[in-house]
Amino acid sequence: MSEPTMGRFEGKTHILPVRVYYEDTDVSGIVYHANYLRFLERGRSEALRLAGVHHMVMMSGEEPVAWTIRRIEIDYARPAKLDDALEVHTRYRVLAGARLNGEQWVKRNGEDLVTAKIEAALITMSGRPRRIPEQVRAKIAQYLD
Amino acid sequence: MSEPTMGRFEGKTHILPVRVYYEDTDVSGIVYHANYLRFLERGRSEALRLAGVHHMVMMSGEEPVAWTIRRIEIDYARPAKLDDALEVHTRYRVLAGARLNGEQWVKRNGEDLVTAKIEAALITMSGRPRRIPEQVRAKIAQYLD
Amino acid sequence: MSEPTMGRFEGKTHILPVRVYYEDTDVSGIVYHANYLRFLERGRSEALRLAGVHHMVMMSGEEPVAWTIRRIEIDYARPAKLDDALEVHTRYRVLAGARLNGEQWVKRNGEDLVTAKIEAALITMSGRPRRIPEQVRAKIAQYLD
Amino acid sequence: MSEPTMGRFEGKTHILPVRVYYEDTDVSGIVYHANYLRFLERGRSEALRLAGVHHMVMMSGEEPVAWTIRRIEIDYARPAKLDDALEVHTRYRVLAGARLNGEQWVKRNGEDLVTAKIEAALITMSGRPRRIPEQVRAKIAQYLD
């Protein structure tokens, strides 16, 4: 069995290759705008996984906690098309309390298609923010930029 | 505040109007095949809601139980396009133990586009089948065909 | 046959009721962040339709043109859950050349869950911006705020 | 730049590793049933690509043609969960005229989770079936089982 790719770090930037399929496109012939948010989430998840955080829902004491999104700013400069080989670049910037901020961009052949600023937070299943656990902070901290 | 539509029953067949948006289409200019499964789920959910089952995740004793899909047979006869006004027709056929079988079809202007046979089941969060609770059975039973 | 709802205008604000289904949720028990962008697109499309713009891909002279998204700022304040009855509110703000700006927010029982600023533009299938056609401008203009 | 994986063939079976992300799950904690159809499409696309068919929308003479789905039978035996490393297995069975039939299954650690029979066809943008072009037939034929 071969594992799905976790991408790679170049310095503190994580890079995940992503392919564009029919599922990602819309009638205008290009990637549907909301689907870049799915690509970005894949990038953030694999950045964490490669940094050693293997579970995207984790235990904080006896309680399960999950990542949620607080805010996104996203600029669409150029469209991606069916069959394109893209790269999702992820750079984590700030880790504070329950909060994790990052910058992400989607490239094709070295050209930026989409750029985004993301604020994520860790919350309980009832929606309350929870400080990111110490061992998770340590793993992310080594890639903070 | 106005509520989202729950559709209507004509005899034992539930009918839900659905609009096709960019999100539903793909590069070939028509509705992406997997997205009909989302339309069908909306139809099944509103059929249950209008029959009096208001919570799609419910309690069975002290345990939450959710609907899962066991099997689908789906035939795509004609494509739907952006802006189309569709109708999802749902007819429940068999209710037995944890299991609920139905037939569904998607129409546009009286013409069938897609037809499907669905087998759903009620399961616990750890994946074990659970007999459909008595008060839920009674509500569905009146629309069994 | 009954048509899917086009929502309604209250003054210059368009309001579309939307239901949360399994398809919209994720493992953390709430609506997946990217799926609000689908809700917002439904709101913008029905606002246009109710204003008299019936085709989301239209002809500009002899060429088909489609709406694309240039930029989104979105804030997630409170989560929506399975079975929730939501309202998507849409207010168009600026119409200039190929560009249409709007503000949107998602409410539940009078409370804001998500707020967004959106910049859309009309483009050809090869990606070039196209001035919004005169008869479309006139229809949107009456609801500009 | 590293390319997204195209998976590999083992004999005539194509195998594509796929990771489960938040986007794929629903409130019941498992992969939403319609999303397996997205995984299956990725498997079929990469099987074609690795066989030498690089464009999922292609020219047939002077006309663009795209793959469409005619029929799916899908059985859900066991659920997949967030962070799971899955494999999509694809075996093409029959290639006749416009039509391509295949069998697919999704595995985790050697265990089948989902099995499916798929009938695809090549159509023009106006929906008419088109005989699969000769050079494409030759590439698929070597992997027909």
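Note that the chains take the letters A, B, C and D in the order they are written out, and that residue 1 is the start of every chain.
The definition used in the following text is that a contact is a pair of C-beta atoms (placed from the backbone, for glycine too) under 8 Å apart; a residue touches a chain by one contact, two chains touch by 3 or more.
Computed from a predicted structure; not experimentally measured.
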**Prompt:** Comparing A-D against C-D, which pair counts more contacting C-beta pairs?
**Reply:** A-D
**Request:** Tell me which chain's centre, taken as the mean of its C-alpha atoms, is farthest from chain C.
**Result:** D
**Prompt:** Taking each chain's centre as the mean of its CA atoms, how far is chain A from chain D in angstrom?
**Reply:** 25
**Request:** With chain centres taken as the means of their Cα atoms, state the distance from chain C to chain D in Å.
**Result:** 32
**Item:** Junction residues of chain A - those touching two or more other chains
**Value:** 22-23, 27-30, 34, 38, 41, 57, 67, 82
**Item:** Sites on chain C touched by chain A in the complex
**Value:** 27-30, 33-35, 37-38, 41, 57, 66-76, 78-79, 123, 125, 127
**Request:** Quick one: which bits of chain A touch chain B in the complex? Just the residue numbers, please.
**Result:** 22-23, 25-30, 32, 34, 81-82
**Touch list for chain B against partner chain C, complex** = 1-5, 8, 15, 17-19, 21-23, 38, 41-42, 45-46, 49, 54-57, 67, 82-83, 85-87, 109-110
